[in-house]
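Comments concern the structure below.
Naming follows writing order (A, B, C and D), and every chain is counted from residue 1.
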Amino acid sequence: MIWFNCDYSEGTHPRILERLAQTNLEQTAGYGNDPYCRQAAQLLKKLCNAPQAEVHFLTGGTQTNLTVLAACSRPYQSILSAVSGHINVHETGAIEATGHRIEALPEEHGKISAAQIAKFCKDHWAEENPEFAPQPRTVYISFPTEYGTLYSLQELKDIRRVCDENHLFLFVDGARLGYGLTAPGNDVTLLDLAALCDVFYIGGTKIGALLGEAVVIPNPKLQKDFRYFMKQKGGILAKGRLLGIQFLTLFEDNLYLEISKHANDMAARIKAACQQAGFDFLYDSPTNQQFPIVPNEILAELEQTYVFAHNKRIDKNHTAIRICTSWATREEDVEQLVADLHKLGGK
Amino acid sequence: MIWFNCDYSEGTHPRILERLAQTNLEQTAGYGNDPYCRQAAQLLKKLCNAPQAEVHFLTGGTQTNLTVLAACSRPYQSILSAVSGHINVHETGAIEATGHRIEALPEEHGKISAAQIAKFCKDHWAEENPEFAPQPRTVYISFPTEYGTLYSLQELKDIRRVCDENHLFLFVDGARLGYGLTAPGNDVTLLDLAALCDVFYIGGTKIGALLGEAVVIPNPKLQKDFRYFMKQKGGILAKGRLLGIQFLTLFEDNLYLEISKHANDMAARIKAACQQAGFDFLYDSPTNQQFPIVPNEILAELEQTYVFAHNKRIDKNHTAIRICTSWATREEDVEQLVADLHKLGGK
Amino acid sequence: MIWFNCDYSEGTHPRILERLAQTNLEQTAGYGNDPYCRQAAQLLKKLCNAPQAEVHFLTGGTQTNLTVLAACSRPYQSILSAVSGHINVHETGAIEATGHRIEALPEEHGKISAAQIAKFCKDHWAEENPEFAPQPRTVYISFPTEYGTLYSLQELKDIRRVCDENHLFLFVDGARLGYGLTAPGNDVTLLDLAALCDVFYIGGTKIGALLGEAVVIPNPKLQKDFRYFMKQKGGILAKGRLLGIQFLTLFEDNLYLEISKHANDMAARIKAACQQAGFDFLYDSPTNQQFPIVPNEILAELEQTYVFAHNKRIDKNHTAIRICTSWATREEDVEQLVADLHKLGGK
Amino acid sequence: MIWFNCDYSEGTHPRILERLAQTNLEQTAGYGNDPYCRQAAQLLKKLCNAPQAEVHFLTGGTQTNLTVLAACSRPYQSILSAVSGHINVHETGAIEATGHRIEALPEEHGKISAAQIAKFCKDHWAEENPEFAPQPRTVYISFPTEYGTLYSLQELKDIRRVCDENHLFLFVDGARLGYGLTAPGNDVTLLDLAALCDVFYIGGTKIGALLGEAVVIPNPKLQKDFRYFMKQKGGILAKGRLLGIQFLTLFEDNLYLEISKHANDMAARIKAACQQAGFDFLYDSPTNQQFPIVPNEILAELEQTYVFAHNKRIDKNHTAIRICTSWATREEDVEQLVADLHKLGGK
C-alpha cells in the first residue's frame, strides 16, 4: 500500500540521521543547554530577523500548544480559536486540562477573522459583569490551517491590530509551517510571523524531523520563565540536542523550505488530477493537504492501492477524503496516483 | 574534558541509530499504532512475564511521572514519596500542576519504608475529619533511588503488602532501572517489579536511547483509558515508532542489561579507587552513580580534566560530588580517572 | 424602584431568620457535622424517597457545579451541556479551571435532547483514535433551564436511557428547582429526579435562603469521598449549620414549594399582561422568569419605575428583557406592573 | 456539655442577626455590588488607612486562601509556608489543586523567619537550572498562627524586606486576626498589616460572623481582575450583601475588636488556671487558643463536662489539648472551668 493519509508516516530526512550519527558520541550538556540547541536557536532568530526573540525546542504539537498557552494565560483567561482549530478538536482537552477555556469561533475555510475577534472582545467587555465569563487573552490560529488553507499577510495584520486594540496575544501554530511558507500564492514570510506574533512555532515533526517543534517567542513577556513551563509540562528532553541538531540540519541549508515545497508540488499534481477527474473539493488548499470529494465507487478502487484519511461523508454516494503529501512523498507514487485518478475519473 | 556528571551526555547506542536508518523510509501508522511499538510492547510483556499488562511509550521522566500519577489519582488524592524523590525536587512542581499533593516522607539512603507508609495512612484515617487532608493513594519510589541505592526484594514486598492493606497504588520510577537490575547484590528482577507494582517504567533516556521510557502497567484499573492521559499531557508522538524501535533494539538481544552492567562495572572501579584514596561517601551506592566526598584541593585538580556534578558542600574542606557512568562510558576514561585518583589520593 | 431583574434581590424568608435567631447560641459541631445538617439531609432523602442517597450542602451554584463535576470526571472526561447552560456561559470557566472540557451542544428552548447526546457519544466512539478528544462522561442539564423552560418527564427518561447506554452520569442543576416543580404543566417530581439522576441539587439561594444549595447524590459512586471534594474546593463552611437550618426550615413545612409557587403565580400574571399588550416572547416559560420582547419606547417608560435585566437586542425597535419574580415578590408590585403594562400596551 | 474545642461553635453575634433582619426585605444588587459591601469595603480601607486598597468578601478560609494564592501565582510558582501552616495541613490539598506547590519550611512556635525565606530563595536561584524546581513567589503566614502565637512587628518588617529583595508577595492569613490584634503584648496593627502585606484577610467566621472573610489587597498587581478569580472559584455569593452587612456591623462600632478581646481575656484566665495547676504548654500563646499539656486522669474528669480538641499525645500519661475561647464564650463557663482546674490540679 502507498500511504497518503498523513505527513508523518516515514522517519526523518536522511541528512538528519547522518548528522545524528556524526555527533552521536560527543558529550554535551543536557536539557537544551548544548551547543546545537544554541546554534539552532541563533540561526532561527537570524532567519526571523528577530535577534531579541527567544527560541525553545519542544517535542510535539499538543505539548507545544499546551505549554505556550499556559504561558500566555492567567487562570481566568481564555483562548480564541476557530472551532476547527487543532486545540479545539484533536488534543483531548489538553488546554482545558491546564485550566483554560477555549472560545470556539465559527470558521470560514478553517480561518477566523479580525472582525470576529474584535466582536468577541467587545461583547465581553460590554457585559454588566465581565468577570462572569473568562477574559479573552490569546488568539490561536494555525498557518496553514487544519484544512490546508492560509491567512494572507493582510489578514494577519488585521488580526494583529485587533490583538493590539484588545490586549491579546497572537499565537500561530505552525505545525505545518513550511508547507504554508512555500505554497503558491502565499505572501507571508518567516519575518512577517516574527514581526506579527507574540509567539509561534515552526513544526519539525511533520516536515522532516523525527520529532520536534521550534517555539519562537518575540514577545519578552512570554520569554520570561518559559523554561519553567517547559520543564513542568514534561517538555525538556534530557538529550535536548536531539532537537537542536535536527533544526540546525533543517535550516542551515534551506532544507526545510525545499522539502516543504516538494510536498506542495506533489500535492498540486494530485489536486490537478482530481480537478481533471471532475471532483469537487471540501476546501481549496494550496498546501500539502488536499480534500477532494470522491465518488464512493472510485474511492473503493483507489483504496486497493492507497491509504487516505477519511474526512467526512458528504452524501450517500460521495466521501471527502484527505490526501496528504510530505517531504518524503515519492514522485513515482504521485505519478501512479495521478494516472489512476485519470483512468478512474475518465470513466 | 571528560564528562562524568550524568548519564545522558552522549546520543544513543549505535545499534539504535542503525535500526532507525534501516527502517527510516518505511511507512507506518502514527501515534504508537505501528508494528514496532506493538512488537516492543509484546517483548517487554514477555520479559516481565506479564501477558495481561499494557505497555506504552513516553518521551521522558517528568512526562512519565506526571502522566502516570494523573492516572493514579483523583483530585483529592496524594502521592507518598521520599523527600528526595525526583518528583519532589526536580520536576518544577509537575505533579502539583496536575493538582495533586506530594506527601514527602523522610528518607533513609534515598528510600522510604513500609512502616512509614503504614503509619502515614493510619494517621490519616485516624483523623476526626480525614477529608481535611488529601487522601493517600499512591506510593512513588525509585529503583535505583536518586542516590543510586536499591530496595531489596523483601523491602518491596513489604511495601506491596502495606499498599494492599491501605488501598494504595505502587508506582516505581525506573528512569535508571537497568543500572539497578544489574547491580551487584541486587535481588530484584523485572518479573518481581511486574508482580509487585501497579505501574512502573523502564527508563531508556538514561540507558542508551535517544529518548523514551516504557511504561508497564500490570494493573487493569490503570490501563483503562491510559492513552487519553498520554494524549492530553502531550505524550503521544506522531512518529511513535521512534520509541518502539528503540525499545525493541534495547531488549531483543539483552542489550539493555549489558550496557547497564557496563556502567555499573565502570562505576565500581571508580568507587574502589575513591575508597583506596580514603574518601568517604555520601551514600553507599552499588549502581552507576557514586557520591564520594572529596577534599577540595583534590577536587580542584581533578576538575582540570573531568566534569562532575557537585552534590553538596560537606564542610569548608570537603565537597560531595556525583560521579556518573553510563552505557557510553569509555573504559580508557575510567582508567585515567582511577589513575588520577590513585596519584592524588596518595599524596 | 421596583426590582424584577433577578430572584435574589432580597435577603431570606423571615422564617429562616427566626430559626437562625432561635438556634443562634446553641453550640454545635462544625463543618456540617451538626444535628441540623443531619436532620435536613434526612428530611430531603425522605422527600426524595431515596434513603440510600447522600445529601450535602454547599454555598452557591458555581461552587456546586464545579464541585459536583469534579467528582463526576476523570481529567480526560468532558461534560455535555446546552450551549446556553450556566456552566458554559456564566461561571468564568470554573469547570475548565478544574481541568474539564465542556462540549456545548446546540440548544432548543434552552434544552438538549437524548438524541443529541446519543449522537455525540456515537461520534466519539466511532473515531479512529477516540482518545484524541475528551471522553464524554456527564450530561449537565438545568431544571428549569436558563430560559425558564422545563424538561418533561419523558424527556428526562429518554436522557436517562441514553446515559445508561453510554455510561454517562446525569447531573441536574436545580438552582431554581422549586420554580420548576411547581410550574403549571410540569410533570416532574422530586422523586423522579432522585430516581433518574446520578446527582442533582436543590437550589436555596434563589428560593428563599440567604445562601445554600442542597446536593442530592443517589449514585453511590459519586457519594464516595464527596466531602474531600467539598473541602478541597473551599465548600465546607465552618458553621455548616447555617445551611442545615435553612433547608430544614424550607422543607419541613413545605415552605419551599409554597414560595416557589407564589413566584410562578406572580410571573404568570405578568406573562398574561405582556400577552395582552401584544408582546412576543423570546422563550415560552411557565416559571418565574419571563422573556417578553418589548418595544423600546414602552421599555423606556417602564424603566422609570422598574428594574429589569436586558437580555438581547432584537431589532432597532425591540428589546427582549428578563422579568424575574421570586419568593419575595410583592403582589402589589405585580399589580402595579400589570396595570402599567395594560396602560402602555393599550396605546 | 460546654464546648471549648473551637471558635465557631455558635451562630453569630446578635447584632449581626438584628442587622440582617432590619435589611432583609430591601432590594439590592447581587454579587457584592450592593451598598453594604461598598460601605464595608470603604470602612475597612479607612481603618487600614489604605485608600488605594481593594476589599472583597469571601465565605471561608480555605476558599480565601485558594483564591488569593491563585491570584498571586503563575503555574510554576510556589508558596512558602510553615510546615504547620493551615494551607499545608488542613485544606485537602486545595492549593495544590490549583496547581501550585507549597514549600513547607520548618516552623518555630508556628512561625517562619525572614532568614529562612531568604535562604530558600538564595538556594533556588543558585541552582544550575533553577527552572527544575518551582520558583518561590509568595510567602504565606498566619497571624495569629495555628498555635495561637504572634509575629512581632519587627519580624513582619524583616519578612517584608526579604520579600522585597526576592520579588515575593506577602500574604497574611488572618482567619483569627482580631484575636491577634487584641492580644497582650501584640505590637502589630491593622495599619501595619496594610502597609506590609500585598494581601491579607480579616477573618469573620471565627470572630462573630455567620461566615465571611474580608480580603484586603493593597498591592494593585493583585487587585487586577481579582473578581474573575473569585467567580471562577465559586466565591461570589449571589446575595453578597450577606457578607457586607456582617463586616459593616463588626467594624462600624469596634465590635470586632471588643469581642476579640473578650475571647483573649477568657483564654488568659484559663491559661492562668492551667499554670496554677502546674500544667506545661505545648506553645506559649497570648491569644484565644491555649495548648496545655494535661495529665490523662485529669483530662478524663474534665471531659465529663467540657469538650476540648485533642492536639497531640505527649507520653503515656499526658495529652496536649486545645482549649479555644471565642467572642461567644460565656464568663460563667470559664469560671466553672477555672474552678474545676483549680480543684483537679490541686490534687
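One rule holds for everything that comes next: contacts are C-beta pairs under 8 Å (C-beta built on N, C-alpha and C of every residue); 3 or more make two chains touch, one makes a residue touch a chain.
Note that this is a predicted model, so its numbers are computed, not measured.
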Inset, instruction - Average the CA atoms of each chain to get its centre, and name the chain whose centre is farthest from that of chain B. - result: C
Legend entry - More contacts between chains, A-D or A-B: A-B
Legend entry - Distance between chain centroids, defined by C-alpha means - chain A, chain D (Å): 50
Legend entry - Rounded Å distance, chain B centre to chain D centre (Cα mean): 42
Inset, instruction - Let me have the rounded angstrom distance from the C-alpha centre of chain A over to the C-alpha centre of chain B, please. - result: 34
Legend entry - Numbers and ranges of chain B residues touching at least 2 other chains: 75-76, 91-93, 97-99, 131-132, 134, 228, 231-232
Inset, instruction - Give every residue of chain C touching chain A within the complex, in rising order. - result: 75-76, 78, 89-93, 96-101, 131-134
Legend entry - Parts of chain B lying in touch with chain C, wherever the complex brings them together: 31, 33, 70, 74-76, 98-99, 129, 131-132, 134-135, 225, 227-232
Legend entry - Residue numbers on chain D that touch chain C, as the complex places them: 1-3, 6, 8-12, 14, 17, 20-21, 23-30, 59-64, 66-67, 91-94, 97, 205-206, 210-211, 228, 231-239, 241-242, 328
